[in-house]
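Dropping the structure in here first, questions after.
As written, the chains take the letters A, B, C and D, and residue 1 is the first residue of each chain.
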Amino acid sequence: METSVWRALLYLVGIMVFAGLNAAYLGWCERKGAGRIQRRIGPCEVGYAGLLQPIADGVKLLSKQLLVPRGVDHILFRTAPVLAMIPAMTSMVAIPFSANIQARAIELSVLLLFALASIGMMAVLLGGWASGNKYAIISSARAVSQNLAYEIPMLVTVITVVLLTGSLELREIALKQQGGFWHWNVFRLENGHFLTMWISFIIFFICSVAETNRAPFDMAEAESELVAGYMTEYSSMGFGLFMMGEYLNIVVGACLTTTLFLGGWDCPLGLTPGVWWFLIKIYILIFTFIWIRWTYPRTQIYKLLNLSWKFLIPFSFANLLITAALIKVF
Amino acid sequence: MNQYWTDIIYGGKSLLTGLAITAREFFSPVVTEQYPYEVPTMTPLFRGHTELIGNEETGLPNCVVCGACPRACPSNCITLEGKKAESGKGRVLTRYILDFSKCSLCGLCVESCKFNALRFSRDYNLVSFDKDDFIYMDLMKRLEEQNRCKK
Amino acid sequence: MSVPLHLRSDEVFVLNLGPQHPATHGVLRVKLTMDGEYIVKAEPVLGYIHRMHEKMAEDGIFAQFMPNTARMDYLHALAFNHGWALVVEKAAGIEVPERAEYIRVITVELNRIASHLLWWAAFLLDLGGFTPLLYAFDDREKIIDLLERVTGSRLTYCYMRFGGVLNDIDDEFITGTRDFIKRLRSRLPRQYHDLVTHNIILIKRIKDIGFVSAEQCRRYGATGPVARGSGINYDVRKNEPYSVYPEFDFDIPVFPEGDSMARYMVRMHEIEQSMRIIEQALDKLPAGPVMGKAPRQLKPDAGYYYSAVETARGLLGHRLVCDGDKNPYKLKLRSPTFSNLSLFGEVAEGMLLADALAFMGSLDLVIPEIDR
Amino acid sequence: MTICEKLQQALQPLFPLCDVSSEPLVKDEPQVADSEKEESQTADTPTVGVLWTDAGRYGHHLDIVCLPDQVVPVAGIMDREGFFLEAITGVDWLKRQQLEVVYDYNRLGGEHCRVMVRTFLPRNNPVVPTVSSVFPAADWHERETYDFYGIQFQGHPNLIRILLPEDADFHPLLKDYTP
């Protein structure tokens, strides 16, 4: 019992540090990546190649005054950003970083992650409603309908993976995919799954982009229409927490994609599995998030919804049926 | 129904070409000019604020206080003062104040000057903590500074 | 895609697309009465950057109004210079030498390309794409450097005088322009059309959005790319030729659909046409003086004069009334965006907020030109 | 049979008495410059009628002067002939105590023909019927002319100031306006 307390403390600190550093330095990666795509340099003044820029931003956000607009429910206004941050942090518990690095091997970890994701959506709704700003209300209404529309195909594609591995536990899923990239779910070759798996990978990736309100699906905080969406009235750390929440959601989305489809901590040639492979895969996926954001314009709310209802959901159900049939046959 | 499929195929292809283009841009060199370290050079006809021309030897302004430029200026930013020259003929410039906060750099004053006493300077980054440096920009003082640093 | 609206009075709220909003590109306020996200009534409120240029014209002599013209539409300032120079030359009967006319056309067309590039960047910014802005500004900087070399200023030009232009163009300007055209021609298919025009997200975002019929254009007096996007073949350079435009052959892009996509395609084709004009003008550039003889004290004889010029946004008309004095007696500036925006109220009804902003972006508004 | 001639036929019923004089209207324009010759103010307003002018010199083909209440029928004819309303503006003739409203019509596409319609109003209560029922473009142009000159446009849907602040009580473009 005594080691488990130390172990819990160690993991608690480890996850906090991992989450904090990631939230800060993803901002830096995004600005550097956007810069390079737009043929400019990005932050380069503060510290070598701008590496201290996130720290400077953090200090600036901390030192600013948190303005609460008049006639607004204080409690709700202050809890919304915290509510955006906590689910993203807690879902790090269930993610298997490598064979022996996992905070707690929870039995139904896939379910836990999606439950926490919908709490994150609550935060957006609360933030928009509590700030009493017309733009924020429009943006929170959009965010709810968008997250709802994209959770269904996401869950259905996850079911196809769970059907394959037979268990809802992320560690199991990852263990099943060890030993080289041909064992990964994306390229699952035996008994004919290669047909359906990459479709569900693409659908899952699109839904994770939409789930984290990232362009081209950033209808919620559409800078050029709704000024700053649900974050309009937030200054200093309220805005900071919302941004950290968004970046952590991206990290969790990337971890989920790698664990479900890209074989978790497995090395592509099956030689030296370890946590560094897991991190490399996450950061490649995160770079594609950034890459997509700086390439595409924004979709319009109705086209976005019918993209989900008319395209993604039918495809994911068909995919599910085929996978189930294949499992039955072989 | 085929509109449904063409959307998917055509859309997917256009999305991928978009990604390919930004990827190529990601790896191509930086285009921007890092301002404080790389200073841009102005073209010969660049219009900075107007400045007096001093003749080479004496360094005194060529201006004969004829008053053409204050009349030509649409936003009357030029105030001139001159006094009789000791040698009896013509007038000598004593004060030339340009209100650079109202000047629209239209060039009508430089055009109206028949005595080649006014031209556009080429400094673009004028900075000061005090607005009066621009409202009462003393071109005589600037000419003396120029002469001093030329020596 | 406008949904029939039953005006549920209790759920209608007024949203101020305020004078300070990222999508209005200036200080335009649109009072939107909204039902959910649908617009029930849209009413633009103007005057936040009104400076009364017409009274300034009456105060100074004719030459002193030239700097004002560039402050109205700073994206296509040279066309406004050209319009004012044309109307006064018409009134006072001043001859402009051949070379000056060619230089005027070259610089105006270069300025038109710069204006369309900036519209394209701002339009994509409204629709959420950030990167195209940087690519467009990369090209636009080349034009601004070229124009700075010959006119002296970068945005608000005061380059044209009655009877010609201020400075002659040198060989470096000519070779620079040819390199720029070659470079833009190589970049247009990739960075502009493949990345954006053929992108399915953009097509879905602006196709069949903000339909404006030809009849609506005529009744509201919309001209320029807005009218040409609705099938009206009207371009002042062709219908009412001025300066040396008849000597160049270029065609007018007209798209009948009338939606935002049509207006988008009109402007993209106009960039190519302007490049054609510049090349022909550079080939046929005659030698000679750039400044005709213009009287020092301009006193045009009394009467009503009108000159029309094609700017990047439409027909710019100068209605000048002279009474023989050295000041203009009365100057009316018919700015194109003033009429183009007047149809926003009627077309935006029943639209979504996101579509209305896409539609406003496709109208290519420059607010100081509306408010004068 | 150019558009302008066709238009002139259409306008004939409105201006039966006038003969089509071709010399430019400017001639009988009062020489405001030589102010020492004080004429009687209202006598020399230009005669009502249709007049050809040289487009190269003045920019418009036809110059029509009409009475204030003929403005709407003229606008109706213009609309039927396919013209569009380019601009409405006012001119303040202080010396003759008159306010003038100038309507510019032009053709969108096809053969080029610009028509200028002018009407004169007494300076003390300048009232003219609105054409915004025929051309919605006039709505804003008339509001702007009211804003700058104080000309009342009868029947205008909401004649309020468009460019100046709502509570401004002056009309800046009048010649006797001192800031």
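Everything below uses one rule, namely that a contact is a pair of C-beta atoms (placed from the backbone, for glycine too) under 8 Å apart; a residue touches a chain by one contact, two chains touch by 3 or more.
Chain labels with UniProt names: A = NADH-quinone oxidoreductase subunit H; B = NADH-quinone oxidoreductase subunit I; D = NADH-quinone oxidoreductase subunit C.
Not measured: the values here are computed from a predicted model.
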Hypothetical removal of chain C, resulting connected chain groups: A, B | D
| item | value |
| --- | --- |
| Cα-centroid distance, chain B relative to chain C, in whole angstrom | 25 |
| Whole-Å gap between the CA centroids of chain A and chain D | 65 |
| Chain A and chain C, separation of their C-alpha mean positions in angstrom | 44 |
| Sequence positions of chain C contacting 2 or more other chains | 131, 135, 138, 195, 199, 201 |
| Residues of chain B whose C-beta touches two or more other chains | 15, 18, 21-22, 25, 31 |
| Set of chain A residues in contact with two or more other chains | 37-40, 294-296 |
| Pairs of chains in contact (touch as defined earlier), listed by label | A-B, A-C, B-C, C-D |
| Touch list for chain B against partner chain C, complex | 7, 10-11, 14-15, 17-18, 21-22, 25, 31, 43, 45-47, 72, 74, 104-108, 111, 120 |
| In the complex with chain A, residue positions of chain C that touch it | 1, 13, 15, 21-23, 36-37, 124-131, 134-135, 138, 195-196, 199, 201-202, 204-205, 352-355, 357-358 |
| Touching residues on chain C, where the partner in the complex is chain B | 56, 60, 63-68, 71, 131, 135, 138, 145, 148-153, 156, 158, 166-167, 190-191, 194-195, 198-201 |
| In the complex with chain A, residue positions of chain B that touch it | 4, 8, 15, 18-19, 21-23, 25-32, 34 |
| Touch list for chain C against partner chain D, complex | 46-47, 50, 52, 54-55, 58, 87, 90, 217-221, 223, 227, 232-234, 239-240, 301-308, 315, 317, 319, 321, 323-325, 329-330, 332, 334, 338-339, 342-343, 346, 371-372 |
